[in-house]
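Take a look at these structures.
Okay, so subunit A shows up in both of these, paired with subunit B first and subunit C after.
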Partner chain A sequence: MSGTPLVRVAALRKYFAVKGGWLGGRRGQVHAVDDVSFDVASGETLGLVGESGCGKSTLARCIVRLVEPDQGKLEFDGEDITHRPTRSLRPLRRQIQLIFQDPFASLNPRKRISQILGAALDLRDASVSRGDRQAEIARLLERVGLAPQFMDRRPRELSGGQRQRVGIARALAVGPRLIVADEPVSALDVSVQADILNLLKDLQAELGLTVIFISHDLGVIRHVSDRVGVMYLGRLVELAPADQFYAAPLHPYSEALLSAIPMPDPDAHLTRKEIVLEGDIPSPLAPPKGCRFHTRCPYAQALCAGSEPKLSTQAGGRLVACHFPLAKQESTGR
Partner chain B sequence: MTEISTPVRPQSGAVSYILRRSPVAALLVALFLIAALLGPWLAPHSMTDTNLGHALQPPNATYWLGTDALGRDVLSRLLGSAGIAAQAFLIVVLTGGVLGTLFGLVAGGIGGLTDLVLSRVIEILQGFPTVLVAIVIVALLSPSLTNAMIAVGLAAVPDFARVARGVAIQLREREFIQAARGLGMSEMRILASEVLPNMVGPLIIIASFDGAQAIMWEAALSFLGLGVQPPYPSFGSMLREAQNFLAIQPSLAITVGLTVSAIILGLNLLGDGLSDYYDRSDK
Partner chain C sequence: MSGALIDIRNLTVRLSGGRDAVLVDDVSFAVGKGEVLCIVGESGCGKTVTARSIIGLTRHDPRFSLSGEIHFDGRDLMRLGADELRQVQGAGIAMIFQDPMTSLNPLHRIGRQIGEVLTLHGKHSSAEIRRRTIELLRQVGIPNPETRIDDYPHQFSGGMRQRAMIAMALACSPSLLIADEPTTALDVTTQKQILTLIKKLKVDYGMGLILITHDLGIVAEIADRVMVMYAGRCVEIGAVRALFRTPQHPYTAGLLASIPAANRVRGERLPSIRGVPPILSEGRPQGCAFLPRCDFALGQCRNLPPLRASGTDTDHLDRCWLSPEVKNQTLRRLQEGAEA
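Right after this comes the complex of A and B.
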């Protein structure tokens, strides 16, 4: 791996005030992203998983700076962009692009595909003639697997998968180095998901993109990621190379998530350990004291309720935030 | 791998939707437009020349809708009034629509303190009594259609502003707006090229209702002698003149009243039809 990472997230926090009651007074804070740190090397794909409400999307929006983090540091290519004002952020926007979850909401319903992509191309270079622009739009569409005829269509005339391809084409139009994909396939039919995932993988290889891929689906993450990060209630609880992670998770929460992946083999449940978590995810308004997972953790001990474990390095350079990380031999038989 | 098959959902345009769903609105509005645009050429007689020998005639072969107290052809004068009503419509919708949309777009699109201040300005405007303001403006300047209608147009600003602001706020957090922001578009450009096109439908609906109101206010002000001045025709002044002859020739007032009612009914039905159309096509 080369020297500086493309993205460095250090102790990043984003809390949302919950207003209500008398005169819009503050009622509390949602700890959406709480002290999250990681690096992403150039050309790498980092997969982030977690249940809904764990802060994945907020983290994504912080990284692309649609949301300003409260505390911590966000570096892109060695530059601190944590609190950079919107105006001077603009040139940088082209290098960091977000792909949205809902392809039905992420395209302006009143515009043709050519207008949507043309506007993005104009932001990169406005001095291109009409004919060249058309050719460029056609090239973009082809790159994401759509025929040039799609130019004249409107979003409502496209299927979910086709819309997501347009969303990807729009992100590529400005020539980004980093793509943050926020649940890019979870709104799509299963049959289309694989197409979109393969497209993203191909594009990454072809263009040398760095990708932060966010999903709640470990199967999807496995398909695309070099490294996997697991989030729980705003915290990063485990970060490991994908193959090691899937072979032997260290955090009890990771283990529970992995055991919930459906297996094609109907007899699989006989051999593998199944862990069903009890209860709901606690409210991010008031995360539990001590380890945030201790209320649902099957291995919780007295220490877990009292002190919160820090993310610390384990054997093999893996990171886990747990007082009692699972030893390799004990873990699931996968 | 190129995807070719697409589910194409054909969308009928607004015009064909209205023709199918509310033909009455289409007919009334079409008649109004023809009268307003081609009135001077369609009029069988002069709108202003008096002929006391033919005063207060009932409808007949020469004068299809009869004549007024000064012997002027009622049909011709109605055609002229339609042109005036159309001018009232245009002035009000342009004044109210441009200012209101701008206010609402900026207030809703930028939010925060800007929204707070602009919203209060809009509320103040809304508090003004339309007729009084119109009367004051006309009294200060001079009685003319344009002045009266600009006053009415200012009173329509809050309607447009409220709708534009509502749509802008609703769109501000939508993902395609975030995508535009993420691409590095400036906030002003986002408002103009991403938000504004999504407002057109609701704004056209407001325009058809407020435009109908404008025609009514024009008639009311001209009835009071504050709008179009004699001898030129307008619905209001025709009604005022007809008032003196209600007992002798009631058809005079009835004809004019029915014409105004029909135009306003047509515009309101059009507004309803359009709002159905946009409710459906936005899904």
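Right after this comes the complex of A and C.
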């Protein structure tokens, strides 16, 4: 990797205010994304995993600038876009596309699929003739495994996975350089999922597409990612090349995640040691002091409750935020 | 099956009005007390339509017409009027929908929506309802339920919304839970927590579960039996071990081979099943619907194969013309080849 990274996220922060309490108007702040930094090189796929509610979608929405970060810096292709005003975001939409986590909520129910994809094509190039446009829409549908007949349908007439594929086609239609994909394949059966993952690989090879891929499916993440980032309660706690990550995670939370992967084998539980996390999931309204994972970490020591570990470089260039990273010995569970 | 909690016979769902199609074709299955049946199958094969039909939701849409029988609690739900149906459901069946955002009301606080379900199922004081709601939210792993109970759906993350839906479904202590992709947006540790909760309800109260999911890892972990659907039909059904160890239908074998397992060597391309599934509204191919994509097809396949047992296991049924030898050897090898 050389030159400027396509995406640079530096100490990014996004908090949400929530009205708390039943009796009073006590307010709290959800620490959705807290001081997160990383780079993504052009053509790379970065996989992002983490507990539900840890801030992955919020981070995604910041990067595509659907929301404005509170603090920190966000660069795309060397340009600072952190606080770019909404009205001048349109050129950015042509380069960065988000595939939404919820395909039900992100497609306009009143529009036909052809209109939805047509609008996305216009964003790329509004001068295309009508005939060419129809052909291009059919081609896009085909790429995501949908027959051209779907053009005339409305989202309500599609199944969950069919809608998700329309969402993917819409992002591809724009011809972006960066796709931020938020759980793009979770509603798809494994065979269609394999087709979509293969398609993303092809596009990367053809067009040098850069992808930030969010998924809770660690099998999928392993398959697509060059590097894997792990988030916990708003923080990035580990960042590593995929192969190294799966061979030997350094953060105790990563280890617990990998040990909990459901295996497609009814007898897997007989041979596998699983790490069950004790303790309640802490609230993002008031993250624990010290290491945010210390309330549930099986390796926690006195130091962990008092001081928060910074994301720092380990041997081999891997990044981890832990006072006592797991040694590169064989870890349990797999 | 006698003593089944729910027994569905020959369920058929037709769509009329411009796009005539049979979305669900002659599907029969039963779920016993404390049993988990998982439904898997390609996107668009009719899983959601099947589930919604069981609880009578497709009845409101004049474009759908249903036939068959659904025996639950000593009655045939298909023959009940709307009011009676609602009563029976209230007393026993809950459903978790695939799309949390469209089934949660965006204008109402999460706590109020769960509270409404509790109110419907018994008279409680408002303090009692609030206490119970908080407890339910905690059970499904929402941190700080005391505060988050007053949030609106958009303030919840994708996975938190899914968990709110689960809490709402469990609020009425159903004897049968139908869950359509309930854990797709959940990380593996939260997923585990929900599955553990469901297992507990199944053991403690004998709750039956129909679980629709694409995640074959979850199926392996929680299912007692599995039904595989293709193009609106049941193509294979059997005990979970039998189905994973000796898949009898080429589609099932193909699915098992496509899993991007975290323990598999990171390959360049994932194996997938060539071709695309038929669009049901454009009419189904004659005979076996999997024919255009099947590597094993025979002349016979232009006739619809019956759903029957291929081997000695009379609970393991499939809809494929291949000989038992081919099924047991070739299909098994296909799956092992992908694992290697």
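By definition in this document, the second predicted complex is superposed on the first by the 292 of 334 C-alpha atoms of A that agree within 3 Å, B and C clash if a C-alpha of one lies under 4 Å from a C-alpha of the other, contacts with A are read in each partner's own complex, and residues count from 1 in each chain.
Here is the rule we go by: a contact is a pair of C-beta atoms (placed from the backbone, for glycine too) under 8 Å apart; a residue touches a chain by one contact, two chains touch by 3 or more.
Note that the structure is a prediction, hence the values are computed from the model and not measured.
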With both complexes superposed on chain A, which partner does A:Ala147 reach: first (subunit B), second (subunit C), both or neither? both
Partner chain(s) touched by A:Leu107 [first = subunit B, second = subunit C, both, neither]: first
Scan A:Ile261 for contacts with subunit B and subunit C and give back first, second, both or neither. second
Under the stated touch criterion, name the partner, subunit B or subunit C, that contacts more residues in subunit A. C
Which partner does A:Arg94 reach: the first (subunit B), the second (subunit C), both, or neither? first
According to the stated criteria, A:Ala120 is in contact with first (subunit B), second (subunit C), both, or neither; which is it? first
Should A:His294 be classified as contacting the first partner (subunit B), the second (subunit C), both, or neither? neither
Would you sort A:Asp195 into first (subunit B), second (subunit C), both or neither based on which partner it touches? both
Determine, under the contact definition given at the top, whether A:Phe16 touches first (subunit B), second (subunit C), both, or neither. second
Taking the superposition as given, does A:His323 touch the first partner, subunit B, the second, subunit C, both, or neither? neither
Both subunit B and subunit C touch subunit A at residues 101-102, 105, 145-147, 158-159, 161-162, 165, 195
What residues of subunit A sit close enough to touch subunit B in their complex? 61, 64, 66, 86, 89-91, 93-94, 96-98, 100-102, 105-111, 119-120, 123, 142, 145-147, 153, 156-159, 161-162, 165, 167, 170, 174, 195
Help me check something: in the complex, which residues belonging to subunit B touch subunit A? 1-4, 6-9, 11, 174-176, 178-187, 193-194, 197-198, 200, 282
Using the touch definition from the top, list the residues of subunit A that touch subunit C in their complex. 16, 18-22, 28, 49-54, 57, 101-102, 104-105, 145-147, 149-150, 158-162, 164-165, 183, 186-195, 197-198, 201, 216-223, 242-243, 246, 256-258, 260-269, 276-277, 280-285, 334
Subunit A-touching residues of subunit C, taken from the complex the two chains share: 40-44, 48, 98-102, 130, 141, 143-144, 146-151, 155-160, 163, 181, 184-192, 214-221, 223, 240-241, 244, 254-256, 258-264, 266-273, 276, 279, 281-282
